[in-house]
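Two complexes come next, and they have one chain in common, chain A, joined by chain B in the first and chain C in the second.
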Partner chain A sequence: MIFNLLFIPEIILSIGVMIIIVIDLFLQSHKGITFKFIQLLLLLSGYYSINGQVSSIYQSYELSEFLNVIKFILLFGSFIIFHYTYKHLKYLNNLKIEYFTISILGLIGTMIMISANSMLMLYLGIELLSLSLYALIGFNKNSSLSSEAAIKYYVLGAMSSGILLFGISLIYGFTGSIIYSDIAEVINATEMNSVEYFGIIFGIVFITASLCFKFGAAPFHMWVPDIYQGSLVSTTTLLSTLPKIAVFIVFLKLYYIPFISMKSMWSDILLFVGMLSIVIGSIFALTQTNIKRLLAYSAISNIGFIILALGIVSNEGIQASLYYTIVYSLTALASFGIITHITCNSHGIEKISDLSGLSQTHPYYAILILITMLSSAGIPPMIGFHAKLIVITALIDSSYIILSVIVVIMTVISAYYYLKIIKTIYFDSREDLISVYSNDSLILSLNSISLLILGIFPYYLFDLSSYLIGLLFAISF
Partner chain B sequence: MIPISYYLILSTIIFAISIAGIFLNRKNILVLLMSLELMFLSVNFNLITLGNYLGDLTGQVFVFFVLTVVAAESAIGLALLIVLFRNKKTIDVDDLSELKG
Partner chain C sequence: MFNFPILSLLIWIPILVGLFLVISNNLSNKLSEYLTLIITFLVLLLSLSLTNNYDQSLSQLQFIERIEWINGLNIFYYLAADGISVSLILLTAFINFLIAIYASSETYKNKSAYLGYFLILEGLLMGTFTAFDSILFYIFFESLLIPLFLIIGIWGGKNRKYATIKFFLYTLFGSVLMLIAIIYLSTLAGSFAIRDFYLLNLSFEEELFILLAFLIGFGIKIPMWPVHTWLPDAHVEAPTSGSVILASVLLKVGGYGMIRFMLPITTEAGIFLSEYMIYLSLIAIIYISFVAYAQTDMKKLIAYSSVAHMGFVTLGIFLVFHLLGNNLNAAVIGLEGAIIQMISHGLISAALFFCIGIIYKHSKSRLLKDNYGVVTFMPLFSFLMLFFLMANSGLPGTSGFVGEFLVITSALGSNIIIGFLAAISLLLSASYSLKLGKNVLFGENTQNIQGYKECTINEKFVLGVLVIFILYLGLTPDYLFKIIDHTTINLIDSINLGRT
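Presenting the complex of A and B:
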């Protein structure tokens, strides 16, 4: 009886997916009704996750207040993504309910990942997410770009899963357990420079490489622009929010619970990866002409900020990284959401120059893009400024002065390409068939304008993230 | 009695071969998929060896999970390969170069 009350959000989603498949069989011509049912399912699951219980199952699956809030954020994010996706697919005449069922399976994967308290559950969650993403990226099956992106992501993703497993097997072999808390105890008791110590280091390095790949951080970032460009914009929206939040929580739980005794080792790795991501994301984006590739590099540099903040190993750093993750997800949702709404010559937006003249034809959408891009660039009244500010403050507090100077320089460089998009919208004019296919832009407007409102009152979100971190860690570093 | 280090070295060598197979292969995607399978098998070998050495069932149970997940994964991989072949009429690695910028 206790057992079956525990993971209600996950159970609702898993059973709901099967029901949706059956409903879709009978309501082939009324996909709107099925979609309403999907939205209802997400809301129901979100309601139960925010009122969820606090417990754990055989030490391997954890339900805590912190994770309940994160699950609510994931469900809320996918609610918005599905809203954009539905319109986009309907516009493309490619509306299939399977897209949503596969996305929900990926969502369950992210929920398992963040709740995992053992390496086995972590692996299963990551695989459930990755398998869904392979299918979603290849969803546009008549396009050779989409199938090429899917096969690329498949090969690299499966390889990174293999690397993760190899790391897990090493950790298991040298600590004798796959439960996080047991691993933490064993690592704490391990002597420096013993055989076990080196084995564990190897394991951590393998796991870090694999997670950085899933995150899209710098030395493993090759796939990000290709996959963002090849897949549908709606898939890109999904790909740039849900997996990033989930992998961030996995980073937080893995490094700050089982591997915390090794912090002198992994903090350098994370700082390096974060720094490299920021530099590569800012510099390589300068030459891009495709807007999806540009946003992909922008995602890489944002991921760099998150990893950099995690690598600081201080309370401020963790709070900053959680804050940055939430802000980044909001910004990515808004920027990709706008792109799903706009078409040029009855195709989706591909080149940056496709956006030229938007301010004359659709001034309202131009303002939404303006807010989003200024927020990404980190210009003060928007929330992106506060996110970057908090990360840099945390860096300076831990006396990483040189790193913070480089970060500031890179932020200035990256402002160039965000401003280039604004310049294209407001100052370039061209006779082009740019159009917005939907009049109903309430959620999109709320999403973009929240970047401005939250930027004017930044402390609500900051209090939320420090409260959440306080729930996760009672101790300080 | 063969010492455990031999098993670990063997599985590491298989793992290295599979990584090399992924990066050095310039011909055929099917070979890539085979390299991926080899990689998961080396991990399974590692898990079984270590589980047996520790006298712990966890490693062996883990292998069953890995086997099922990998079976699902390669099914999806082959499906994607068929879609790719339909669109491009080739499964050459070198021809996967449309996405560039």
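Presenting the complex of A and C:
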């Protein structure tokens, strides 16, 4: 019985998924009811995760207060994503409950990833997540772009999983363990420049490469724009939030717990990957005309900020990266959420020019996009500014002045394409029909306006992230 | 005596009402006009009472509001005012009130949003002039871009898309470098309060880089030659009220920032570079005056004239560096001249942009060649515009004279050649101002242009009030002097003490 109590959020979701599949068989014409059940499932699971137990099972699965909060954030995020998705799929006449069951399996994958305390458990979580993402990306069967994206992600994802396994096996080979805490002890005791030392470095490099691929950071970013463009907007929303949060937590737990004594090795790698992502994300986005590709590059540059902050290896850096991750997820949810709400000529928004003249037809949605884009561009008083401010402060605190100058110049460059979207909405005039197919935009409004409100009162999130970091390191060290 | 948070009210009343106007889309035009008028008038009254309650005999900060904002990063919601802030707050409130009067007789699409953005802009400007925490200052400083971007972009002219994006990126580029300087200073000082930065002992190299960052940031905003090119574009495309607020208040943010940050923080590096910065200012004054003379577009002409006049402001500020140590009196005179020039230019350029807006409304063209012989149709208007043009060229008795006179006096105190070159500009500004007047007001109406009509009552009121204040400041500048005197003297003294 105790075993049950420990895993309760994951168990609710797993059993719920099976029940949903059965319910869906009998309620084919009442998908709304099934969807209500799914929402209930998420709420229930969220409730138990925030009030969850704290323990670790056989050292390989961790249930800590920190992870409970993160799980709650993941569940909360998926609640919003599912809300957007349901409306979007309904509009496209493509509403299938399977979409949600697969998404929930992916969600369970992310929860396993962050709870993992051993390399194999981590691999299991990543695979569960990836498998459901392959299916979700290819969900739009009628679109050739979607199938292409699914195959591309499948092939590349399989390769990156292979690289991850190779890295894990190197670590296992040279440390003799797959449990994080054991690895930490062995690495601590390893002598500099011994054979084991180099072996472990190789292992870390391979794991980094694979995680950066899952993160979508440059130079492993090639898949991101294609997959974002090919899949449904709702899938893109999911892709740009849940896996990023989970991979970030994995980064935090792997690099700051078992690999911390090798920090001189991986900190430079992360700084390099972060800078490269920011530069590539900012510059390559300039010429994009497809809004999903543009947001994909924007995601790459945001991921760059997170990795950069992780690479600083200081308390401020960790806190900045967590803060940035939360802010980025909120912003990504809002920006993709708006796209799921708007259609142009009765198809979804594809090109940026599809949005032109939105301010005249739908001024309220125009204001929501304005807030979201300004937040992404890091213009105060939106929350995006504070996120960038904290990362840059952490950089300067650790005397990376040159890096911070490059980062802010890239911010200016990236401001150009966010401005281009605002320009399209506010200054261009309308040629064809644009419509908003949902009057119920309460959650979307709350989501977007929170970017402004949190920007004026940024200390709430700031306190939350410092509290979380306090929890993580109070337990781990 | 003064217990309620007047500075916060000055900031948040216009911002909140402005947001309400922007979001409420179907508000009737009449209602939004009255609301804007009432709010701007209220803000004007508040800022007048602020001025009355400001103790001119004290040099320290007054009306302080200081609450912890982001405790993890040591950022405070720290508002206060000194003489320089008070004078600029008065200018902002006054100009915004005039804009509200002027705009209420105009027609715009979606007028409530238009007026709302102006109210937001007003509140943000108040915040910029009163923030004494550097991050708070930066947030207000940067947020200014958003409403102005939308005002020019939505209600602007043909080429507005290019102009807005150029303007936004230019100023953003300058300010992000400034942000790095601010964060760097804060890591040394352990706090973001601007006053704490004054106490730092920076090495010369550090000062040099920080000075350059500030120079780029504020130099683009003010704007200095050679980073002024965004200004004529933005002015030409902006609607009349947008040009007015841009020229009369937004440019002053750059000058204000230089006085607040550059002078006290980077004194040594400033002294080292002062000669070159003075050259830049002189180029702005002389070369840009010639450029202004060559313009064929009325708005561009006044825009370049603004750049030239802001050259006096930067000259006055940089002369302080030059004069520190050998002639403190001249330094004080230079700085006071710069501040008075800011206020006076705020009034005169606002008046001229209003005038051009009125002409444009009738002739639908801003080009000199399309506007002739206005005087036969609009005699009263022509008289007023001629007065403003004279004030623009620094006619004694108008406020334009006082600031330029003080800056030139201070320049003569440092170097006769700098003084001479600065004085030349009086000649140049007279030539382009009179050229504009001669062509537009008195030129022979060869193309037989019709359709000019005498000003409406609102326009007469706006221009008349501006005439009164320009004359008042020109004849008795004492009122303004009293407000800024102790602050400037104290500033110069503390800089000088900090050096020795």
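Just so it is clear, the second predicted complex is superposed on the first by the 473 of 477 C-alpha atoms of A that agree within 3 Å, B and C clash if a C-alpha of one lies under 4 Å from a C-alpha of the other, contacts with A are read in each partner's own complex, and residues count from 1 in each chain.
Keep this in mind: contacts are C-beta pairs under 8 Å (C-beta built on N, C-alpha and C of every residue); 3 or more make two chains touch, one makes a residue touch a chain.
This is a predicted model, so every value here is computed, not measured.
Judged by the touch definition given at the top, the superposed model places A:S143 against chain B, while chain C stays out of reach.
When the two complexes are overlaid on their common chain A, residue A:L165 makes contact with chain B while staying clear of chain C. Residue contacts after overlaying the shared chain place A:G125 against neither chain B nor chain C. With both structures placed on the common chain, the touch criterion links A:S466 to chain C but leaves chain B unconnected.
In the superposed pair of complexes, A:G337 makes contact with neither chain B nor chain C. Once chain A of one complex is fitted onto chain A of the other, the partner contacts of A:G46 are absent, as it touches neither chain B nor chain C. When the two structures are aligned on the shared chain, A:Y416 is found in touch with chain C, with no touch to chain B. Of the two partner chains placed around the shared chain by superposition, neither chain B nor chain C is touched by A:G304.
In the superposition on chain A, no residue of chain A contacts both chain B and chain C. Put simply, chain B touches chain A in their complex at residues 8, 15, 18-19, 22, 29, 32-33, 36, 39-40, 42-43, 46-47, 49-51, 53-54, 56, 58-59, 61-62, 65-66, 69, 72-73, 76-77, 80-81, 83-84, 86-88, 96, 98-101. Against chain B, the residues of chain A that register as touching in their complex are 120, 123-124, 127, 130-131, 134-135, 138, 141-145, 147-152, 154-155, 158-159, 161-162, 165-166, 168-170, 172-173, 176-178, 225-226, 229-230, 288-290, 293. Residues of chain A touching chain C in their complex: 319, 359, 363-364, 367, 374, 379-381, 385-386, 389-390, 392-393, 396-397, 401, 404-405, 408-409, 411-412, 415-416, 419-420, 422-423, 426-428, 458-459, 462-463, 466.
Interface of chain C with chain A (complex): residues 22-23, 25, 69-73, 110, 113, 135, 138-139, 142-143, 145-146, 149-150, 153-154, 160-161, 164-165, 168-169, 172-173, 176-177, 179-180, 183-184, 186-187.
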